[in-house]
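Below you'll find a set of structures to go through.
In what follows, chain A forms one complex with chain B and a second complex with chain C.
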Partner chain A sequence: MTRTKTLTSRNSKLPRLRKFINRLWWLLVVVWTAVTLTFVLSRLIPADPARLAAGLQAGPEQVEEVRRQLGLDLPLNEQYFRYLFGVVKFDLGNSIQTRQPVVDDIFKYLPATLELVFAAFFTYAILGIVFGVLWARFPKSLGAKVLSVVTVLGVALPVFWIGLILQVIFAANLKWFPLAGNLPYAKYQVEFVTGMGTIDSLLSGNLPAFGFALKAMVLPVTALVISQFAVSTRLARSTMTDELKRQYVTAARARGSSEFKITIFDALRNALNPVITMLGLQFGWLLGGTILVEVVFSWPGLGLYAFNAFRTFDYNPILAITIVITITFVIVNELVSLLYPKLDPRLRSQ
Partner chain B sequence: MKRALVLLALALISVLVLFPSLLATHDPFALDVINRLKPPSSAHFFGTDEAGRDIFSRVVHGARITIGSSLSIVACAAIFGALIGAIAGWFGGRIDSYLMRIVDVFLAFPYLVLAMALAASIGRNMGSSILALILVWWPGYARMVRGQVLSIKNELFVKASRAIGTNSSRILRWHVIPHASRPIVVRATLDIGYVIIALTGLSFLGLGAQNPSPEWGLLISNAKAYVLFGWWYSVLPGLVLVCVVGVFVILGDRLSKERE
Partner chain C sequence: MRGKLFKLIALLSASVFIVSCSSGGNNASDTPITAVYSNIAETATLDPAIIFSSDGFVFARNVYEGLVEYKPGTVEIQPLLAESWETSDDGLTFTFNLRSGVKFHDGSDLTGEGAVAALKRIQDVNQGPASFMANVASITAPSENQVAITLKNVDYTFLGKLPKLPIVSAAAIEANKTDADPLAKDWFASNAAGTGPYKLDTWQRNQAINLVAFEDYWREFEAGTPTAVTLRVDPEIATAMQLLESGEIDFMGAVGPDDSARAQTMEGVQVLESPSYYGQVMPMNVTRGPLKDVRVRKAIALAFDYQAMVDFYQGFAEPSNGPLPTGFSENIASRPRYERNVEEAKKLLAEAGYAKGFELEYIGLKGLSYFEFAGTLIEQNLKELGIKVKQTLIPWPEMAASYSKRDTAGDITFLNMSAFTNDAGAYLGQSYLSTNTGDKGGYNWSFYEDAKLDAKINGLSQIADEAERMTATEAVNAEIADLFLSIYVTQPKLAQPVKAGWTGFYDSLDANYSIRFFYTRYNG
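Let's turn to the complex of A and B:
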């Protein structure tokens, strides 16, 4: 008995470590590709970043000076290795526009983005699963017909347009929600701690500020939820439909188990794995969608920061944001794959 | 009935792309500052923009840019991806594992973010967004076609064909490509819709077409500043965009259901 126990524990520990190292290696390859691809492409183009950084008024000497400061006068391979070593040391260079280290900027803007992303993610994950289950459970109902139309339309809606529509209806005309921006810290005298308006206002015990912070989030989060809802609902419905046709469902029914119990405790549990994989992937799309939504709602997060970098050919932030988002995306998908065995006992033995 | 509706919509889209001047009521670039930001009327179906240009005519002329570019993106991505996938699946072995590793790296990115970074690095114009989207879109096709080719390769009729001495290129042309092409077409139809959304997203961020182009994403991006004064400016062009994307998504959906 003890012998088998030690054997299995040894067997399960080593592959897990190897798996972890493999995954880490994979993450490095992905990030390296992102860095190299964007670097190569950014140096292929004729636009001159030094010229842009120096400003329109600068003379030729000043442009040369800026070029030297930014290291743009070095040979390309040296620039590339410099950049790569910088990335390894978490030094992503300075932003031409804000004149701050990009790493500092990212830590400043990331929380506001995460606030939106997390709120949207949990909302559409829950809504998607609930509506997907109901749709699969009552496929002939009126609600199912409505959902089948709504979800086709849902994938056809560009997120930035949803944002504008929400602005036109709920901010410009009904005036229920603020048109743009997040919590105005100075106006409500809230201290900037985390960068998430809702949390900061709670930390300072300022309830009106918290109310405003929540209100400001409603429209951007709704835009993101609408753009992702269709995908998660359709997937939840199709996997649930498959599960409900399985024999164990018939068996449970024969045993006299209630329909509610069968749907939630038997079928849904088995249907969750593909749904969760999809949710993980959607998280990545959400990170892209947030950039668009932040631009629409002037939400001071990474997206708006990226947008300003795009406009000014500010490469360091662009590369840095790509790296940060890619790492987040890969890590989220890894975490998702760690969840599988927790949800599905069949996978634990493998 | 539904079929007729889809065909009608496709015909309308073709007219939009091929002969925009048949539908446009005004010159899409003609300025008329006195009549700026006028709501929709019989003279201007979609109203006018901040420079008094007729929004309806701009949308009509923008169709060629947006839809045309999206078609070419999907075509390039599908052809390139299919080629890579076919090579990987057909030859197998080391070529296969190398090519598929590259594909996996590409698929590990959140595609929209990668496309934004690429488009921003190449330079802000239509060409850069098109190239960026082709770069992020081909791996999906490579993965799919490889799977197709792998399964066809082991079919009895291919083995028989090889046994009677048919060479590789002939087998590819007569057996493999016809079998693999249908799923490609289904996927491409759906993808046209998704690419339109992605492309207009890039232009919305200023990474694609530049003013005064009537490209749809750019048009809606210009409208962003006028949500308070002119609802029609952002709502109506977006509505057309959604309808066009919807047609491709519904068509792709039906095609994939027919296959099943």
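Let's turn to the complex of A and C:
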């Protein structure tokens, strides 16, 4: 009996394992494709990073010396395979500009970006769903009309412009929040541990620093929320409107269930899958999409690092950032797909 | 749960309250003064043997010192780490007597041997500043407090190159070198040991480099001199302008003349003018087509609307009058300014056999307003001559790459040319020597090659008498002007927005945006 049970359990795990390996394989294929495409594109663009790295007054010999040091004098296929082997060993090369290992730079700058991304993501995800549900539930209210205008503006206005407007109103004029930058570690004598100002100031037990770190986040996070909130709100409203028209909702109302219970426990649960899918895609976008926000708010994260890399045509950081964003994108979407059956019981059997 | 929530709210409220109470400006006259400088980009490295852009100069010039320096706001050389110097009779060897009692930030003393090691390191690293040492044959230390530099060829302008060669601590090289890195490049990339008035405190990458006054500096800090410097990064110029207006930053870097005009209207902001040694030029590629003919190039130069370009800068530029910026001499300044003359241009074009016009490509930098304005202006101006201009706007890496090959270079482009030393001949050499054509890594983007002109330019630095050298330079300047290798667009003023209350100068010989804070004063 015990042996039969064990065999059954092992048999049920096998498809899962196969599925996991299959998904991992596809993740590797996606990452390899992204790396290869970015590598090829970066070499196709007519620019000379060695010349940029050597400096304005560098003579031809100096430029050639820098080219040799950077390995840019090697045949293209050799450069590609060297890079690929490096990626396998978790060595993403050195920045042409800073000469520092790119992996170290990524770990240094990613936390500051994640701090913004997580704060923005959870804010607009919650607000988007809540306002989307309210909009669907009360479509003719004044609030619905306001939301209609706000979401159109959110989609239409460039995030860069939103950031500048927020700075003018809330930082330059009202002086409620810092205009730019995040926590100045040296000024507040906070030790750099995680790279997230809020966490590091709490770890140091430094309340003024924590307060400043929070205030510094408000405007960049708001800019990101405004630009993303519209999509999640409109999608939540649309799927909820569809769900509220379904027969099971009419049946529930006929059974005397409360509107609150019908909206939250019946309709919302079924309406969430498309919204969650969109949120997953948006999260991946946010990592790359913070570039403009980080530039406007002088936020020292991966976006600003990417901006400088693009500006100076620094190959390796550009490739590394592509890898990080691709992996995050794939992982988040895998996690989202795992959530579907939890939210919709009809998918559990598939 | 409710208790925890209450505690969290209390914590947040308390911290916000404390921050509100603790925030405020600095710079009270009896308190330490911090100068906050904002730039659009941060230096990629702190190594002064590699630094060669305005992003890095502002760090290097405040933390490191050379044997001599430029007197602020001028192109005159004055002693710095070297108290005095002698030149050998043959003009090849310069012997510098070092100042005694000078300490590096790591506590070591300045010695002759140490200075030799620092200068040799620049040669061995062989990047940016090393280009100023191409003519150096040997560096020795004749005594404990002396350093001697011998040149391969006579160069009476060599002293002007020395402010660009920062002296690092030899003890730091020794302490941080490894077998794989004998020049301690890794260490100097993110650490510093100079003799300058400010030493590196912290570097929060992509955000700010914090410098503090060096307690053992060999000169006194006068009242009003900053005791700390923050070099922060604000990639968006609009953000930096708002920070300046709100008083959060004191100085800005990388502000073009178009932004200076805007800054002039801001409350609590002044525009600090410094002597300018740079010019904006539009090199014409002489290697192909109608531009081979000097009459065609002259016609194009005559068709250009110089006044429109000056008007674009709203008072922060003046019309140019030739290859050299006017600051180099009074005679150069008195040359006639270029003016538009379309009729004369049409006549010249007809003479050259191009009365019906032709097509040209303008390659400009994407994202910089004046590059785009200049492109549109020349497109409109040349239309009157029947010349059709195709505008191509690309990022800098692509633009540099396209001019690194003759077949991909455009017909006309736009460049900001800056003087890096007080040597007018070197300024001309950047753009007109055969050895500096774009395909050889230089900024001779008209690709003009003439051995006779090369000899004249190279010969300037070998004229011992300063007045005689300047006369010869003026003659070469006039000769180049007559070749119409470029349109000499404007000479922008070096005018940077600075918080009211500060006095000082930007260093035009350091790519315009660098400033030595030891020479600034705050009287606000």
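The working rule: the second predicted complex is superposed on the first by the 338 of 350 C-alpha atoms of A that agree within 3 Å, B and C clash if a C-alpha of one lies under 4 Å from a C-alpha of the other, contacts with A are read in each partner's own complex, and residues count from 1 in each chain.
Here is the rule we go by: a contact is a pair of C-beta atoms (placed from the backbone, for glycine too) under 8 Å apart; a residue touches a chain by one contact, two chains touch by 3 or more.
From a predicted model like this one, the values you see are computed outputs, not experimental measurements.
Participant: If chain A is used to align the two complexes, do chain B and chain C fit next to each other or clash?
Facilitator: Partners clash after overlay.
Participant: Given the touch rule stated above, what does A:Ala236 touch, chain B (first), chain C (second), both, or neither?
Facilitator: It touches nothing on chain B or chain C.
Participant: Which of the two partners, first being chain B and second being chain C, lies in contact with A:Ser95: first, second, both, or neither?
Facilitator: A:Ser95: touches chain C, not chain B.
Participant: With the two structures laid over each other on chain A, which partner does A:Arg311 touch: chain B (first), chain C (second), both, or neither?
Facilitator: So A:Arg311 meets both chain B and chain C here.
Participant: Touching A:Gly289 in the superposition: chain B (first), chain C (second), both, neither?
Facilitator: It touches chain B, and chain C stays clear.
Participant: Determine, under the contact definition given at the top, whether A:Tyr109 touches first (chain B), second (chain C), both, or neither.
Facilitator: In the superposition, A:Tyr109 contacts chain C only.
Participant: Between chain B (first) and chain C (second), which does A:Leu157 come into contact with in this model arrangement: first, second, both, or neither?
Facilitator: After superposing on A, A:Leu157 lies in contact with chain B but is clear of chain C.
Participant: Quick check on the superposed pair: does A:Leu41 touch chain B, chain C, both, or neither? Answer first, second, both or neither.
Facilitator: Touch partner of A:Leu41: chain B, not chain C.
Participant: Quick one: is A:Gln167 in contact with chain B, with chain C, with both, or with neither? Answer first, second, both or neither.
Facilitator: A:Gln167 contacts both chain B and chain C.
Participant: Name the contact category of A:Thr322: first (chain B only), second (chain C only), both, or neither.
Facilitator: A:Thr322: touches chain B, not chain C.
Participant: Among 129-137, 183-191 or 219-227, which stretch of chain B shows C-alpha clashes with chain C in the combined arrangement?
Facilitator: With chain A aligned, chain B clashes with chain C through residues 219-227.
Participant: Give me the intersection of chain A's contacts with chain B and its contacts with chain C, in residue numbers.
Facilitator: The answer is residues 45-47, 164, 167-168, 171-172, 179, 295-296, 307, 311, 313 of chain A.
Participant: Name, in rising order, each residue of chain C that touches chain A in their complex.
Facilitator: 11-12, 14-19, 22-23, 41-42, 44-45, 50, 52-53, 126-128, 130-132, 134, 185-186, 189-190, 201-202, 204-208, 210, 232-236, 238-239, 242-243, 245-246, 248, 395-398, 400-402, 404, 408, 420, 440-442, 511
Participant: Quick check: in the complex, which residue numbers of chain A touch chain B?
Facilitator: Answer in residue numbers: 26, 29-30, 33-34, 37-39, 41-42, 44-47, 152-153, 155-161, 164-165, 167-168, 171-173, 179, 284-285, 287-289, 291-292, 295-296, 306-307, 309-311, 313, 315, 318-319, 321-322, 325-326, 329-330.
Participant: Mind listing the chain B positions that touch chain A in their complex?
Facilitator: Interface residues on chain B, with respect to chain A: 105-106, 108-114, 116-118, 120-124, 193-194, 197, 200-201, 204-207, 217, 220-221, 223-224, 227-228, 231, 234-235, 238, 241-242, 245-246, 249-250, 253.
Participant: In the complex formed with chain C, which residues of chain A make contact?
Facilitator: Interface residues on chain A, with respect to chain C: 45-49, 51-52, 54-63, 65-66, 95, 97-100, 108-109, 164, 167-168, 171-172, 175, 179-182, 184-186, 192, 207-208, 210-212, 214-215, 295-298, 300-301, 304-305, 307-308, 311-313.
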